[in-house]
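Mind having a look at this structure? Questions to follow.
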């Protein structure tokens, strides 16, 4: 996945929606910008597959040595897969945030939340303003 | 006193500040309506000599384990404290230092904390330990809160009347604010927690047991753990560190979180504190563990060293979402525990536990033979047991024995109305056969109610 | 000349069969009475503790001690921690057998001397705070906060008022919101004004019939006494809420201002700060609380009561409206007694002089440091002040952390850095009253020299300490929290 092709939440999660077996599945991760801001991640807490999320709901958190950042789901639906190896390989987030660093796959229950997402250009602008 | 500044210093400092007087600074800072206008009404200042005279006199009014032979326990014990413990803990570099936020100048404390944590894991058979909490009672409560946070949605805490009554009182205070249900299995003739088993249900987050329990009796922790785990609850065990010389460890009994009063590990009784709360848990619970943790790492030159770690659990980062509001640990007392356990080693701990266990058995046998007394509970005990006074005059007995230089035990009426005629006797390794014989002698010779001594 | 051989871990020093503590042989008649433990309960053997000789243990820990900075050895200008001199007489007196070797459950008649000292301490704390009712039970400052919030909870429950919100200052210590959460309250933060004080308008906008308590620190974490304090507490009272004072900074105001007089309803003391109890490497402390008389019924049991006619003291357990118990036994008596000794040593005028000298020392150091670092919140302060390394970081690449690390090489403990959060690159300095003018001069001089040093020298500092810049990230990623044999 290329960063240009993804959509982004203001809270820095990225989303890629694809069609699988006739259903919309969103792959969710966190942006390279956020990972750089968080600086030396040390821990990640992830949910289990099967849980249902609402758009905007907190589903986990990442920690650096002295900060904790919650992760929010950009879409609504059921978690169908979790990148369970990621917490033990946090360097993947730095090396490859858009492929190996994916976090969740969510079978979407609708379009809720999608209209809130930014395209790459708008997200870049947001990052530039906050940075 | 302990101040440094001469009047000349003060003058020079005010000049440097550019203030005409101290009053000018204070008036600028403190608004007039918040200014205190009279001298504090406190006792006048005294010299070190006078203070020592006054305090020594006040101290001499108290009975203590130095003046009396102590058979009191109930969570605080008169175990022997080797001189080496005091020698280390009274080093200013330890006791006048602060929390090791600057690891470069705190390696002594940090390494000692890491050693303490390791010793506690060895003692409990569990995976990780924090660097200590306030005391045994609050540690038990923190463990229960931890279990509640793991068992999201479960609101029930099951415990037993055989758990230290003050620990249960603290638990009630804390749980009141947290809207949980506390279920306590009542005291029965076995004086064990066996009767809590049917109380464990699918809403139970936590089962809290004490082993050896408040009355000194041994609990079947393995069976309780199995039953609790079947129901999806966690098990918290209050244990006696000294008993680990003889008894199976919490980690070997399936316990998830073990807590203890660490006073017995080289700390003075000090009328209740400061003590330390011991807490250890399984590896997968570490993110929920409250309190400070020292961890190992390397420095920029590659040298092994120690730092405070996993700090995101704590209140200074997570604020209202922290695992606990605790922002200190009892480092100095944990240091004493570390030195104490280093001095004892496995063999010393084993022998200390044997002394307690065997002398308790002897005392139990001796007291059972006294006509006036009976032992209301059967079954094996570790270092404490309950005694009933058939004359129903525990207070009078207690006074009589104190006058003879013996602190005979802890009356149980305050917590257990049904045991109003009973007291709890503890026997540590410090008691000799002569001490125990003296206790038995004094008890059998004590005047009964209404009869004056010597009559 | 460091002895690195003896500071290996205890477990690495261990040798099978070595031991320090020896117990006397058991009497035959005792052994005869013994019954073996049930097989299901008995361990196969004792835990795998290290095996050491007494000499090993002493040399190990004595050498470890030399790796610490401490108040006895170094100036420790750690803001918000009040690292003052810990008088030696307090240690000697607290160790008297009649105080140190007293069992917590002894009957009142056998501890009259002790209860008298503690009762007098209650009265002293009440007088210094202006709040009459005292509980000595809480074990630490954070524990005192929690206890007081539970008292507030019980008070409103009794009045039938459903107040669920605790307001905290955004500059407050993290324990404030954490304690509120544990006491079952929701928390909301009140903003600081640009001057670093409570934003009174923001406070007023958040005060409603849901608010139970406003927690504030005064003097605050910037070392400033809030000049609107009486207006603030009045506004809180007008809304039917209580004011809680975090007493962390009492060292600044003893005999100069009393929380009870400026409108606080509840507070805790940190006797290990204000009244010189040694910090012990991070504990023990104590957290006695003082409250107004209408809150007295809710304080934890037991309290100390005095039967005046008999001049007799007793622990009062019969407190039907009490929140209950918050810790085992009486409290951190050893720490409380040291506070008593300290207050007796100074008396009322002496304590006032302590606070004046603490304020004087901080202002003197401020007058020097302001020429070295920005001090964003004014030229004057109470007992501490917060400088900022923000400009230094931008212009020279030297951060607050770098400053803290490099100052260690000059033989000073670092100030508190990155707290409070409301100041960028915060450097929080509290000298206390027990430091001489010469020490303060030397510290300012060292700070000045550091700001002129090269980036590389500072970034890699400290250079003279046993270790330098430990890897916190590695420690948190793969936590090693105990020694295991394979590491040896």
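A, B and C label the chains in the order they appear, each numbered from 1.
One rule holds for everything that comes next: a residue touches a chain if its C-beta (ideal position, glycine included) is under 8 Å from a C-beta of that chain, and two chains touch if they have at least 3 such contacts.
Keep in mind it's a predicted model, so treat the numbers as computed, not measured.
Chemist: Report the chain whose CA-based centre is farthest from the CA-based centre of chain A.
Modeler: Result for the farthest chain: B.
Chemist: Could you tell me which pair, B-C or A-B, is linked by more C-beta pairs in contact?
Modeler: B-C
Chemist: What's the distance between the Cα centroids of chain A and chain C, rounded to whole Å?
Modeler: Chain centres of chain A and chain C, defined by C-alpha means, are spaced 40 Å apart.
Chemist: Using mean C-alpha positions as chain centres, tell me how far chain A is from chain B in Å, no decimals.
Modeler: Here the centre of chain B sits 46 Å away from the centre of chain A.
Chemist: What is the distance, in whole Å, between the centres of chain B and chain C, each centre taken as the mean of its C-alpha atoms?
Modeler: Roughly 19 Å separates the two chain centres.
Chemist: Using the touch definition from the top, which residues of chain A touch two or more other chains?
Modeler: Within chain A, the residues that touch at least two other chains are 43, 63-65.
Chemist: For chain B, jot down the residues that touch at least 2 other chains.
Modeler: As it turns out, chain B has residues touching two or more other chains at 311-312, 317-318, 321.
Chemist: At least two other chains touched by the same residue of chain C: list those residues.
Modeler: 472, 476, in rising order.
Chemist: Mind pulling up the chain B residues that touch chain A in the complex?
Modeler: 287, 311-312, 317-318, 321
Chemist: Tell me, which parts of chain A touch chain C in their complex?
Modeler: For this pair, the touching residues of chain A are 40, 42-43, 63-65, 90.
Chemist: For chain C, which residues count as touching chain A in their complex?
Modeler: Going through chain C, the ones touching chain A are 472-473, 476-477.
Chemist: Spell out the part of chain A that touches chain B in their complex, as residue ranges.
Modeler: 43, 45, 63-68
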